[in-house]
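Structures follow.
Both complexes below contain chain A, partnered by chain B and then by chain C.
Coming up: the complex of A and B.
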């Protein structure tokens, strides 16, 4: 069986994988400490260019399809599809990846972390993140998701002799392995019932079609399929830190280096959501009655618990960790609605959230260099000494709270509210309304500290890469504020 | 075109101040910009076609975000025009006041006030439900900072309380607006008002009305959702209190007139008796609370609860008379309470306290100009015939005497009686305040204190309010002629 591979379609992850190899070689043979960083940045930008080219070309490419003689009368079922959804999510991931690489340059300037390994692992995770939204079968999905997760444990622990980092890495490892096991078990049940691994075929089989005689007629195994779906959902809930699988977030974000926390909060989370959306809308639409209400409850619990935990935090990164758990709840909420616009709403929120949250992490990474404690009180009066950093952070926080002038956040909330109301989930809309108020409290309390009139502390020097990172996030958030259309109608 | 400028000029001016080199021009800057905006609003009023005040004029309609059906749709009619002018005027007067009494961190305060102005004006000229909501939200952050940075000793808690309460109201409001959108498929306020909620079932209308009116009632504020107000008004700096009372509260009642009542007539009919009941409770509660206050500023804050109760009672009648009363009361309250907060700020600046027992009496003897102005504002606020405060209250009670079709007349007669009692109580607390502060002998404690009387800047900031209170009090038709045709169209009553 000979497969013809469409290299243009798989270019974005391929470029990242090649760049990862190149980084290791450069680190070993060139001996310039800054070379790996620039090589990684080049790889990410090149991959972004490939995504942009695919988007301009417009014809949704697909590769790794089932050859004609093996289709059993079913669809072509390609494993890798570069359609609009794939490209939009990839673009979000790569945008965040640029910021993570730039923040890493600042983080690694201290020299206590091996640069080659760091960028190699980062690029591996990025490759997985870009491959994931293109995956259209169970195996590819799980492999991509693991490719995103595995390097992150090591990244978290790469700074040696740091107890907190080690603890964070171990916690992340255990949680991630358990969630993968749960998800694999669920996926295997689904495979067992349907006999298919391609998402569209699973959907067809669950809806009554048959392509193979290898398994008994579907319908007989419906309870098993339900169990499989619930287990897969639980696995993804771990990945996106949805309640009740959220406990790891605070400690892990706090212990890991700030760029890794940023990666976890945006790229790793976006990967989880992309997988969730793909599986549930492509493979399990027939079981909406099972997972729809579950997702709604999960969303409500996630935003409420995340917000309540964030209320009590005094540490900047921990606050962002729990607030990002709460934000997961908002991303989940529209998926619970059966409305046609549910997926575009979630993706729009994800894109807007990625821009704002990356910005907040970028400023926190800058401040963390001079104020090692990184407590919220370390931000008091930042305006007086570093007006630009303070203004940027204030803008991102107001965005996350969803208030003007942070229109990006306001529109994100409106999109989600609209889907939830249109889907008839009135109770969820009310829970969300209350949660926006809780969320506002801690964001505005933090933003208020920035402008407090106190004896100014030391200025916060901004390194060039970090400055560029903040600027990118600021431009992205600003553009989304003025033209929310870009995110809201990204999926058409 | 002018409505666009009304929104963009203050915003761009605020952005301009963020440039580091702007440090030197800050003193006259806010005054110049707000003066320009006031000029624009007067130009808008001058070019307004008074022959057809019910029609939307100076309209601008551009698509902004098709994915959300959000359009940049602005315009004015007889309902919004007076509020636009009032907003521009009060903001300009705030800057006049600040020019005479510069505050610390003046640049940041100017930025906050200009953004606030853009949000307030935008709320009044927006004709798209979501755009209205966006502008409605724009005011929150600048007002939070105005209270939290330049406020009194309890400013932090007051600012947080203000923003959390009003955001909860906004979130509920958003749900109501989205429900309207989900049911009718349009966000255009002109279309929605024209069709009077056709396409929405009675149940959906009631639900949407409760959400929209409930959200707006937090801002208005309606008893029992008013608890953020006394703290915010008391702790805010003078200009913050003036704009809070003068304009921000009006955004809530304006939303009722613009969205809730015309778009959801069946919902309004079902909920109006509740609205009326809460309104009259607010009137009596506000007056009784005022009687119990020792602090001048806090008393004026509570008086707002009572006055806005009359405005809400006007809406609750669902008659043209009542709606006109509400819109009249809105403007009158903006002028008079704005003046009262200016005066309270002036008193506090001079005496260092606004505690009435500490102030003692005899202000008329010691500071004759300030004392007379305070007396004038107080009697205007208590509704002396011939001044602006009278008409809003009288017409609201008149509206309650013959409420709209489908409403229980006996119930509204009870409301009218309680409201009438409220006017007496209102007179009582203002007269008590005057007898404690302006009359009698000056307290010995202030004998050696240097207490300058009204300065030129203060006079410039306050006299327009005095003049307008007199003008629309003596010639109420000037305002009613503009609002009445628009009200009749919104209520679907053919003139």
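Coming up: the complex of A and C.
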């Protein structure tokens, strides 16, 4: 059957996919090394414009719906929905994507990485990241999530003859494949029990409705459905590096090029959380009694273990890796509460975290060019030689720690605290409070090194694209610090 | 032979019968045949040609690209077959035809890129 496709609704990922094809052609026929980068940047900006247009229009478009005669008396169940949640997450992804592309321009200036392949793979991952929050059925979700994951293995390994990069790529590949297998198994169990792939229909069937005679109607407590939900949760926990599925993060972030580490820590993670939120709030609300406590325990373990591991790190990217594991815990925490405000709180934290973390990675990418070791001690006295870089990194670190003047991080934590307490999870709030204090130590210890009075090393030259990247992150974090309601009330 | 586990009993019985037939045939063969081995008879049989070298052989890395491209096209061809059976059926129109060529265009893009990057040449 032919479906009419609402091209306006799917414009954001479509533009990115077409830009990916254009990048390959430009690289193959034009022969100018910088052209693919600008084409990629143009594609991301155009896609952002499409998201902005959809947001201004505010119609909440949906496409790829079930045709009338096949609905079986159920809802229309569209596979692709561009509602407010979709647009907010897409905007976060695309903002981070602009920074990643700008950092790539600096990274690729050395010429040891093929530009065409690099930007093609980046754009493919972005297309998946933008399609994922719009997905409303299991197949779309899994395909989009794989579209985010697959290019990243290659991106991590694209700097050839680099042992660490190869190791990072292999670890990421194995972890990701295993997690996908686990998630697919869980999804197939859910499909087997409910006979539906659309999220709202799964929710309806688990709550007792029936649209097809193919499967017997299960009660909400059907053990197979519970097993499926737990397996899906485990698969997503791998993707967002939640404890106990976190062990890959340190080595992978460290070995991959810094822009790829930034992509992993923000875009890939946001994709995982978007999928988690969609599945658990739209498809499995009937089983909240099963996954709610699990998510609470995961959140507490993730923030604690991530913070304790971050305490011991001497390498800048490894510290950011473990700290981003800890931040995953804060994002998970509100989801554990059965409250209506849970999703807005998680999404607000995700947006604020994306701005701050992209900024920190941008400055680290700049510093890594001249101080290849990238140890924390390489940042000692950075203030004396590169005051702007040092000030920017200091601001991002203070934000991540959640101290004034970095109000973005503070507000993010307050939103999550309020939500966790409102959800009746007092013990989780206490664990969070302790972890916030642990996080203070390593962020502030790093920020303190920047301003240490030592014999200054070489200055850190900032290339134009990297400078713009840091400026974008700085403006975003600054705006969120002054007007946190932009993120907090993004979902109403 | 009723009930949930009864149906597994049928599978088990079939398995036993299968093993029995196979073992019986081989044992009968063993008992009836003469046994006079020569070195040639004990050699691995390979299409009538004497086996050469070890089982672990290296092939040139250049084959990798061609094998890879072959796999890509073999997998994509799978999508063509179901499409070919329905695109002329009522209810499907020009859009169905165009969609497949959009898909093929994206694959062709990969080949064009490989060609421009001199991946397809042998030397």
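Throughout what follows, the second predicted complex is superposed on the first by the 490 of 492 C-alpha atoms of A that agree within 3 Å, B and C clash if a C-alpha of one lies under 4 Å from a C-alpha of the other, contacts with A are read in each partner's own complex, and residues count from 1 in each chain.
Assume contacts are C-beta pairs under 8 Å (C-beta built on N, C-alpha and C of every residue); 3 or more make two chains touch, one makes a residue touch a chain.
What you see is a predicted model, and the numbers here were worked out from it, not measured in a lab.
J.: Go through the superposed model and pick first if A:484 touches only chain B, second if only chain C, both, or neither.
T.: First partner only.
J.: With both complexes superposed on chain A, which partner does A:433 reach: first (chain B), second (chain C), both or neither?
T.: A:433 contacts chain B only, not chain C.
J.: A:188 contacts which: chain B (first), chain C (second), both, neither?
T.: Neither: A:188 stays clear of chain B and chain C.
J.: For A:405, is the partner it touches chain B (first), chain C (second), both, or none of the two (neither)?
T.: Only chain B is touched by A:405; chain C is not.
J.: Have a look at where A:417 lands relative to chain B and chain C in the superposition and call it first, second, both or neither.
T.: Touch partner of A:417: chain B, not chain C.
J.: In the overlay, answer first, second, both or neither for which of chain B and chain C A:448 touches.
T.: In the superposed model, A:448 contacts chain B only, not chain C.
J.: On chain A, which stretch or stretches are contacted by chain B in one complex as well as by chain C in the other?
T.: none
J.: Of all residues in chain B, which touch chain A in the complex?
T.: For this pair, the touching residues of chain B are 18, 64-68, 70, 105, 108, 115, 119, 130, 133-134, 137-138, 140-141, 144-145, 148-149, 156, 159-160, 163-164, 167-168, 171-172, 174-175, 178-179, 181-182.
J.: Which residues of chain C touch chain A in the complex?
T.: 91-93, 95-96, 106, 109-110, 112-113, 116-117
J.: How about chain A: which of its residues touch chain C in the complex?
T.: 1-2, 21, 24-25, 27-29, 116
J.: Considering only the defined contacts, which chain A positions touch chain B in the complex?
T.: So the residues of chain A touching chain B come out as 348, 391, 398, 403-405, 407, 410-411, 413-415, 417-418, 421-422, 429-430, 432-434, 436-437, 440-441, 444-445, 448, 451, 453, 483-485, 488-489.
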